[in-house]
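Residue numbering begins at 1 within each chain, and the chains themselves are lettered A, B, C and D in the order written.
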Amino acid sequence: MRPWNVVDMKKLINDPFDFVEESLEGFLLAHEDLVKRVGRRAIARIDAPIEGKVGVVIGGGSGHLPAFMGYVGRGGAAAAPIGNIFASPPAKPILEATLAANGGAGVVYSYGNYAGDVMNFDRAAARAKTEHGIDVETVLVTDDVASAPKDQVDRRRGIAGDFFVFKVLAAKAETMADLASVVATTRRANDYTRTVGVGLSACTVPAHGKPTFHLADDELEVGLGVHGEPGIRRSHIEPVDALVDEILGIILADKDYGGSDVAVLVNGLGATPYEELYIMYRRARQVLEGHGVGIRRSYVGEYITSLEMAGASITLMQLDEELHDLLAAPAKCPMFVQMGAARG
Amino acid sequence: MRPWNVVDMKKLINDPFDFVEESLEGFLLAHEDLVKRVGRRAIARIDAPIEGKVGVVIGGGSGHLPAFMGYVGRGGAAAAPIGNIFASPPAKPILEATLAANGGAGVVYSYGNYAGDVMNFDRAAARAKTEHGIDVETVLVTDDVASAPKDQVDRRRGIAGDFFVFKVLAAKAETMADLASVVATTRRANDYTRTVGVGLSACTVPAHGKPTFHLADDELEVGLGVHGEPGIRRSHIEPVDALVDEILGIILADKDYGGSDVAVLVNGLGATPYEELYIMYRRARQVLEGHGVGIRRSYVGEYITSLEMAGASITLMQLDEELHDLLAAPAKCPMFVQMGAARG
Amino acid sequence: MADIDDAAIERMLRRLAQRIESEKDHLCALDSAVGDGDHGVSMTIGMRGLTRNLDELDSPSAAEAFRAGAEAFADDVGAAIGPILEEVFEAAARTLEEHRDLASTATWAAVFEAIARAAQDTGGARPGDKTLVDAWVPAAAAIRSAADAGADLSAGLAGAAEAAWQGVEETTDLVPRLGRASRLGERARGHPDAGATSASIMIEVMRDELGSPGAAS
Amino acid sequence: MADIDDAAIERMLRRLAQRIESEKDHLCALDSAVGDGDHGVSMTIGMRGLTRNLDELDSPSAAEAFRAGAEAFADDVGAAIGPILEEVFEAAARTLEEHRDLASTATWAAVFEAIARAAQDTGGARPGDKTLVDAWVPAAAAIRSAADAGADLSAGLAGAAEAAWQGVEETTDLVPRLGRASRLGERARGHPDAGATSASIMIEVMRDELGSPGAAS
């Protein structure tokens, strides 16, 4: 007998309850030059902690690679705790990551403002302070416009905007700035960032074995969350240009980027081909240029996924000179490599 | 009325017949610092042609991003023609790519040995010679062990091994080596490379609107080709460790890598989560180490996809010092960035 | 009244772990309707950790056995349910360090009250927010009344289980106010809460295993 | 015998483009059973290009009209079918540059023979390899016999179409030897060839539009 439920599961896995451990082991083996294990469910960059440097800890549930552990490394985060699939890590690995990241200049947590994450990261922060005397500051990512109305921005969750906020945060820490400046810049990055996504199909958490929600064969949902949280509108499949227009309409109504410089991210959720992401980018570029938005940096690809969900999102981050340079700074992480502008 | 057939299509597209053109436009806009258009369906790196340098042209059908156009750039190919989905490009864009790549030192074509590709690239090569006096050499990639028996290696098709062969080819050309040496080294790279894949689900060519083949909900196919070409064995879904053992068994029976240094590539076909690719890598590492194979470089991710197919493959390339250094050489392409060992 | 020793507590917790795992898919289905569909998975991970931790202990006391659950949920689970169940188990463990008479209804009334308080303190939920608090609060009230009325443990746990299931039923008409589920708003009405359901299963197992301990072994 | 002018050829080719597009899904389904399922798409792309190229020409000659097809398949299609159909259309164009009597059965016998030769030369297929050659070769033989026997174009094209469809039917039992389909080996037996089918559709449209040209306009 097979030890696992195969129904509805087109997966390359062993026992579903070993999914997180086995993928973590493979990840560590593949990237042993860049990262190391610092707890049962925590990793850090190979040279962490760095004395005098603000420690950057990012994290969240598994199932979102490259987020979160793919962004630990040079120019990336110092450490990341690893949760079960779509579930916040417990306080223990967060604390282990914190200790690994701590270079004596304080630690910044950044993650996507989900209830479970807030609970566990806050518990870890309290223990870091009381048990180890480490100052921890938290910057919640709240880019998902569809997740709460404008007057409740602090209830919004973080989705693909994580990538921009984390990148700015990590690059700022690399400058050896102090805790307060790192936090201030990162908060500004988050304030400047908005995302709206569209979901086309569900995904299956292996240990559960059934899709987490249902979308009919000809349905899509605008604003769908990365774990299937309900969005703004369900409808029949539509031409993607119309969807991009709608997505950008929602974003620009929430924050008018007209006249600003921005970075754009078209992020695929896992099963959507890169070709389709470029089709979206093409339309986004047309719309944004028509709206007087200046596109200074563009990212198109899979930056934060949801297992094998089909769908994509568009993220804008307003850029000032500092944010531009931090975003453009080099990085060498297991799943994100960027050469600096000097080599650009 | 919608201008397109939505049944069975969970896609972020407009008119399916505009798919290739629109994704190409988006790609060029997103990467205008790295690549330029040199024909209706051909692109080249921004600084091509480079005087005195062997011109590298890679290509094939669309639907495989990052292959092929994602690998044009510094340390990558000089130019790429772009075909319709899963269809060889016509001779015309191949010729346009050839002219853009030609720095007077000859041009190398490399692609995956599909009948249509061979026909069109050969026609272009003939025209390049007779109309423009350009010497063209061709290195076919033939890494797919499942596609023909050992005594018919030249009938084998190229799949994920494309990535290794292209990378070596491009890096060798960067050294300003002459045509004969570039060809010799690239042929050795191909001779040293073997891949076996496993498919879990089909994909849908947009203009067709229906999956190209059928696999039942609990079925997989070992050796399935990237366009759905039949493989070696169909069965129920199995634990992935058993599949990795089988895949490596097939590869090692075809070429015994025991005692050799190798590069490993675990490639996802599109819909398979990165976590699962790392689970496969973990097992591959165990098996290869048990077999006395020395793993010097590892790549885990989506390098050559098939739209939204679920599945993955494992590729091994034997490494000598030259191949190692060429594979490790830096690259800055739209969809592949690698820092050199010096910065490593 | 039958005797309840530390071994009976360990047995009860092992039985609970089996029962939760057998309800995995059901709990996921309940969470799918209201939340993100993973409650059965998270509970199973925690309960497997509990069993593993118990395996490593030699004749644990009742408090140690419950603490094995606290540690499992603390280390292995995460999500919202991890810290909440950590504190639920920890509250039981702490209470059983003070109250050593395992056959006394008052002991378990104190345990249930501590759990109900811990559940509220950890996640900030109040009765009516459509959470496991809606199972533990009425269950604690029921067993406290039974203890005050001098009822035996069997009757006390039976009343608690009944009150818990009643509480689950009442969550059906509620709209969640906290956590992931709150995003669903009105769409969540009409489905019982997953966490309240697993809490009631836990209380039911206590009733079956401790209320008539002879039957269990 | 009705008169066939250059305009009739253009009309026939435009009609062919419509007909192929309306058969897109059917041709894909045939190719799915044997090859990679894209034949209807590739043919539609080429035929759209043909129509676009015709739109840009002012009263093209018969040869120019066929050459518009050659250019469309050369520029837009790729795959194996692109160069093969490029040469098929080019063979027709070249033949019609020499044979100007568009109502003569002998003209079209020469066209068909040139096509059958070009199809074989370009892709290397021989009769029996389960390709479009298995439609063109018998069709060419049929219209040549008709021409030799002095039959009119209507009868000649009818015979060609019948022979082509007969050829398609015979591909059903064949195993492909070339191209992607050859990978399937025995699994491909039992399905007619997609390229032979689209070739027969082409011949059928010629029969309907040129064999009784009055009926078409």
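Keep in mind that, in the parts below, a contact is a pair of C-beta atoms (placed from the backbone, for glycine too) under 8 Å apart; a residue touches a chain by one contact, two chains touch by 3 or more.
Computed from a predicted structure; not experimentally measured.
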Please give the intersection of the contact partners of chain B with those of chain D. none
Farthest chain relative to chain A (centres taken as mean CA coordinates): D
How many angstrom between the C-alpha centroids of chain C and chain B? 54
For chain A and chain C, what's the span in angstrom between their mean Cα positions? 34
In angstrom, rounded to a whole number, how far apart do the mean CA points of chain A and chain B lie? 28
Please report how many Å separate the Cα centroid of chain C from that of chain D, as a whole number. 74
Chain A touches at least 2 other chains through residues none
Considering every pair of chains, which are in touch? A-B, A-C, B-D
Residue ranges of chain D touching chain B (in the complex, touch as defined): 24-25, 28-29, 32, 36-38, 40-42, 44-45, 48, 74-83, 122-123, 178-180, 183-184, 187
In their shared complex, chain A is touched by residues of chain B numbered 2-4, 6-15, 19-20, 22-27, 29-30, 33, 62-63, 65-66, 70, 198, 200-201, 217-218, 220, 236-241, 243, 270-283, 285, 298, 300-302, 305, 307-308, 310-312, 332, 335, 337-339, 343-344
What residues on chain B touch chain D, complex-wise? 17, 40, 61, 83-92, 114-116, 119-120, 123, 147, 205, 207-210, 212-213, 225, 227-230
